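All chains are identified by letter, namely A, B, C, D, E and F, in their written order; residue positions are counted from 1 within each chain.
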Amino acid sequence: MALAKLVEYAEAGPEVRAVFDDIMATRKVDWINNIWKALAVHPPTLARVWSQVKEVMGPGGRLDPLTKELIYLAVSMTNNCEYCIHSHTAAARKKGMDDEILGELIGVVALANQTNRLAIGYQIDVDPQFKGPQ
Amino acid sequence: MALAKLVEYAEAGPEVRAVFDDIMATRKVDWINNIWKALAVHPPTLARVWSQVKEVMGPGGRLDPLTKELIYLAVSMTNNCEYCIHSHTAAARKKGMDDEILGELIGVVALANQTNRLAIGYQIDVDPQFKGPQ
Amino acid sequence: MALAKLVEYAEAGPEVRAVFDDIMATRKVDWINNIWKALAVHPPTLARVWSQVKEVMGPGGRLDPLTKELIYLAVSMTNNCEYCIHSHTAAARKKGMDDEILGELIGVVALANQTNRLAIGYQIDVDPQFKGPQ
Amino acid sequence: MALAKLVEYAEAGPEVRAVFDDIMATRKVDWINNIWKALAVHPPTLARVWSQVKEVMGPGGRLDPLTKELIYLAVSMTNNCEYCIHSHTAAARKKGMDDEILGELIGVVALANQTNRLAIGYQIDVDPQFKGPQ
Amino acid sequence: MALAKLVEYAEAGPEVRAVFDDIMATRKVDWINNIWKALAVHPPTLARVWSQVKEVMGPGGRLDPLTKELIYLAVSMTNNCEYCIHSHTAAARKKGMDDEILGELIGVVALANQTNRLAIGYQIDVDPQFKGPQ
Amino acid sequence: MALAKLVEYAEAGPEVRAVFDDIMATRKVDWINNIWKALAVHPPTLARVWSQVKEVMGPGGRLDPLTKELIYLAVSMTNNCEYCIHSHTAAARKKGMDDEILGELIGVVALANQTNRLAIGYQIDVDPQFKGPQ
C-alpha cells in the first residue's frame, strides 16, 4: 500500500512522460514499474533518480551488467528491501542469472553478513597489512 | 581494542594450529590476520567459520573469485564493517580490483542504498511481473 | 500476524485502561492503534513507552511537531519499519505534510542513505575541521 | 570525539547531579561513564533514558540480569555500536560472562545474521505453522 | 513469494533428503519448514547451513537452548527478518518462552536499539575503564 | 584510513577541479572536505553525487535548509556513519542548530529506533486507518 497515489502514464504531465518514455526506450519494455510511478509524485526526484540509474547501471565501465545487478541484489538483500529484491532478481535473470548463480550469490551475502558480525562482535582491529594508501 | 585476547600461533593448541596452517596453505600467505586470532578464543567457532569461508569463497562454482569478493565488499560496506571493508579490499585488489573498479563498485552500492530507501520510503508494492515462481 | 494476542480496551485491566485513556485524550482520538494493544500484553512496557512518546513527541521544546514527525519518519524509512512508516505518515499528514513535502523528505532520506555508504565505502577520515568540542 | 561537551559532575546542576548520584548508587560504582555525561547536555533526555535503563535492566522480572546483558550485547553487535559493545561487555563480565560464553554468544549472533539474510534473500514465506495467535 | 521454487521432499534428490531427514530427526518433527526447502535449491548451501545451525543451536555449551533462542530472536527483530521472527518465536515458545518473557525480551531489544543510537548519535568515546584486554 | 588516495586540488584534472570549484563557490568556503577528494578518484561519481547534493540540499522547495540537515543527520545516526554525523553536525550548526536542538533531535532519533523495534518485534499489522491512498 504505497504512501502516495501512483502516477499512471495517461495522467502524467510532459516532464514525467519524458522520463517514462526514456525508461521504456532504454530498457526496451512497454510498461513502467511501480517505483517510477511513485517517484513521479515528485517529478524532480523522478528525473534525478532515473538519470543516476541510467548512468550507473548502464553499459560501459569495467563491471559487466550482470555483475552490477548481483552487487545491487546483494545490497538489497542486506537492507531487506522486498521491492528491490524482486525487481532486481527479475533484471538479473534477464541478464543471465539462473538458480545456481542465485544460490551462490545468496551464499556469499549470508556469509558476509555472518563474518561482518564476528569482526564487529569481537571489535577486531584492522591488521596494518590491510591498511589503504593514506 | 578487541574484546578478548587474540590467540597467537605460538600459544595455540593443536586444534587451532591446524586451522591456522590450513588458512596459510590455502591462501599462500605466511601470517594469520586478526579475525582468525580472535575466533581462536572459541576453537569450534574458528573451525566452523573457516570451513565455510573456504567453501563459499573458494574456486569452483559459477561466480569467479573476484565477483565473489566484490559482493562480499558490497555487503560489508552496507553493514559498515570497518575490518571487513579493509580485509576484503585487500583481497579484491589481489584478485584484480583497481581504483576504477572500486569506484564503480561503490557507485552501485551507494545507488542501491539510495533506491532501497526510495522503495521502502514510499512502501511500493511489488509489480506482479516481478513475482517469483511460487 | 502479531506474535501475541492484542489487548482490546474491553478486556483490559485498569492499569492498561489508564494508558489507553491517556492516549486517546492526548491525541483527541476515540480509538487505540495496534501498537499500543500489542504493548499492553506487557503493561510495564506499555506505560514506559507511552510516557516517553508523550514527552519526546509532545509540544514544547525547540523543534516543532511536524519537524519531529519528519525526523521520526526518516528513521523509520531507514530502518524499514512498515508499521511505523504508515502510522507516522498519517501523523505527519495531520500536522501538515502533503505529497510535495513527503517527496522532499524521501529525497533527503535517500540521498543520505547513498552518501552514508560512499563515506563508509571509502572509509573516509573525518576532517579535523568537523571535529566536535572534545 | 563527542558532538557535544561532556558534562562533568563538578559542573553539573542539581537535576543532573541527582541522576548521576542515582546511577552510582544503583550500580555501586564511584564514577560516571561517558554516555551519561553526554546525555546530561539535555537533562530531560538524561532523566528519561536512565529511568528506562534502571527499569528494564534492573532485577525483578523473568529474565535474569546476565541474560538481559547478553541480549543487549547481541543487539549492539548487530547494530555495530562500538561504545555499547564495550560498555555492555564490561557489564556482562561483571555478571559472570567469560570468554567461552562470549564465544557462544557471538556464534549465535553471527549465525542469526547469516540465516536472517538467507530468509530475506530468498523472500521466504512464513509457514502457516509458525503464525501467531492473531 | 519466494525467489525460487521450493524443493519438496518428494522431488528432492538423495543429498537433500539426507539433510531433510536429519532436520526432522534432530527436531523430532515430521515436516520441513520453508527455509530449508528454499536452501535446497542449492544443495551445498543447505548442507552447510544446517550443519551450522545444528552445531550452534544444539545442546552442549554454556548457554542453555532457551537463552540461545532469545538471542537469536533479538538479532532477528533488530534485522527485521519476518520469517526468522516467526520461526524462532515458535521455537522459543517450545522451549518455555511465554508472553511475559517475550515482553521482557522485546523491552530489552527496544531499549538497546534506543541507547545504541544515543551513543552513536553523540559519537561517544569508549571509557578507558571499558577497554578490553588488548 | 581511506581505501584510495585522496585527490588534492593541485593534482586534480580539469573535470575534478570544475566540481571542486563549484563546491567551494556554492558553499562559500575555501577548502574541500575529504569525501569529495575520495570521490574524485572516480570523476563521474564525483560529478553525479555533487549534482545531487546540490539539488536536494540546496535552497528552494518546501523544507528549509536546517530541517533538511536534521533529517540528514537522523539518517546518518541511524546508519552509524561517523564521517556523515560529524560533517552534517557541522553543517547543521552553521544553519542554526545548537546543543539543545541537537539534544531534541537525538531524543527523537533514539525513540524512533526504539519504537521501530517494538513494532517489528511484535510484528504488528498496520491499522486500516493508516493505509495510504492506493
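Everything that follows uses one rule, which is that a contact is a pair of C-beta atoms (placed from the backbone, for glycine too) under 8 Å apart; a residue touches a chain by one contact, two chains touch by 3 or more.
Note that the structure is predicted; figures quoted are calculated from it, not measured.
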#### Entry: Common touching chains of chain F and chain C
A, B, D, E
### Message
Taking touch as defined above, what minimum step count separates chain A and chain D?
### Response
1
### Summary
Given over half shared residue numbers means same and under half means different, the chain C/chain D interface is same
### Task
Any chance you could check whether A-F or A-E wins on number of contacting C-beta pairs?
A-F
### Rounded Å distance between chain B and chain E, as computed from the means of their C-alpha atoms
20
### Message
On a C-alpha centroid basis, what's the spacing between chain B and chain C, in Å?
### Response
34
### Query
Taking each chain's centre as the mean position of its Cα atoms, how many Å separate chain A from chain C?
27
#### Entry: chain E residues counted as touching two or more neighbouring chains
1-4, 41, 44-45, 48-49, 52, 56, 78-82, 85-86, 89, 100, 104-107, 109-111, 113-116, 118, 120-123, 126, 131-132
### Message
How are the chains arranged in terms of who touches whom: line, ring, star, complete or other?
### Response
complete
### Message
If we count contacts the way the header does, which residues on chain A are in touch with chain F in the complex?
### Response
1-6, 44, 48, 52, 55-56, 126, 131-134
### Message
Can you tell me which positions in chain E touch chain C when the two form their complex?
### Response
80, 85-86, 89, 99-100, 102-104, 106-107, 110, 123
### Task
Write out the stretch or stretches of chain F touching chain E in their complex.
77-78, 80, 82, 85-86, 105-106, 109-111, 113-118, 120-123
#### Entry: Complex contact set, residues of chain A against chain B
1-4, 31, 33-35, 38-39, 41, 45, 49, 52-53, 56-57, 61-63, 67-68, 70-72, 74-76, 78-79, 81-84, 86-87, 89-90, 100-101, 104-105, 107-109, 111-116, 118-127, 129-132
## Note on the structure
As the complex stands, chain E meets chain A at residues 1, 3-4, 41-42, 44-45, 48-49, 79-81, 132
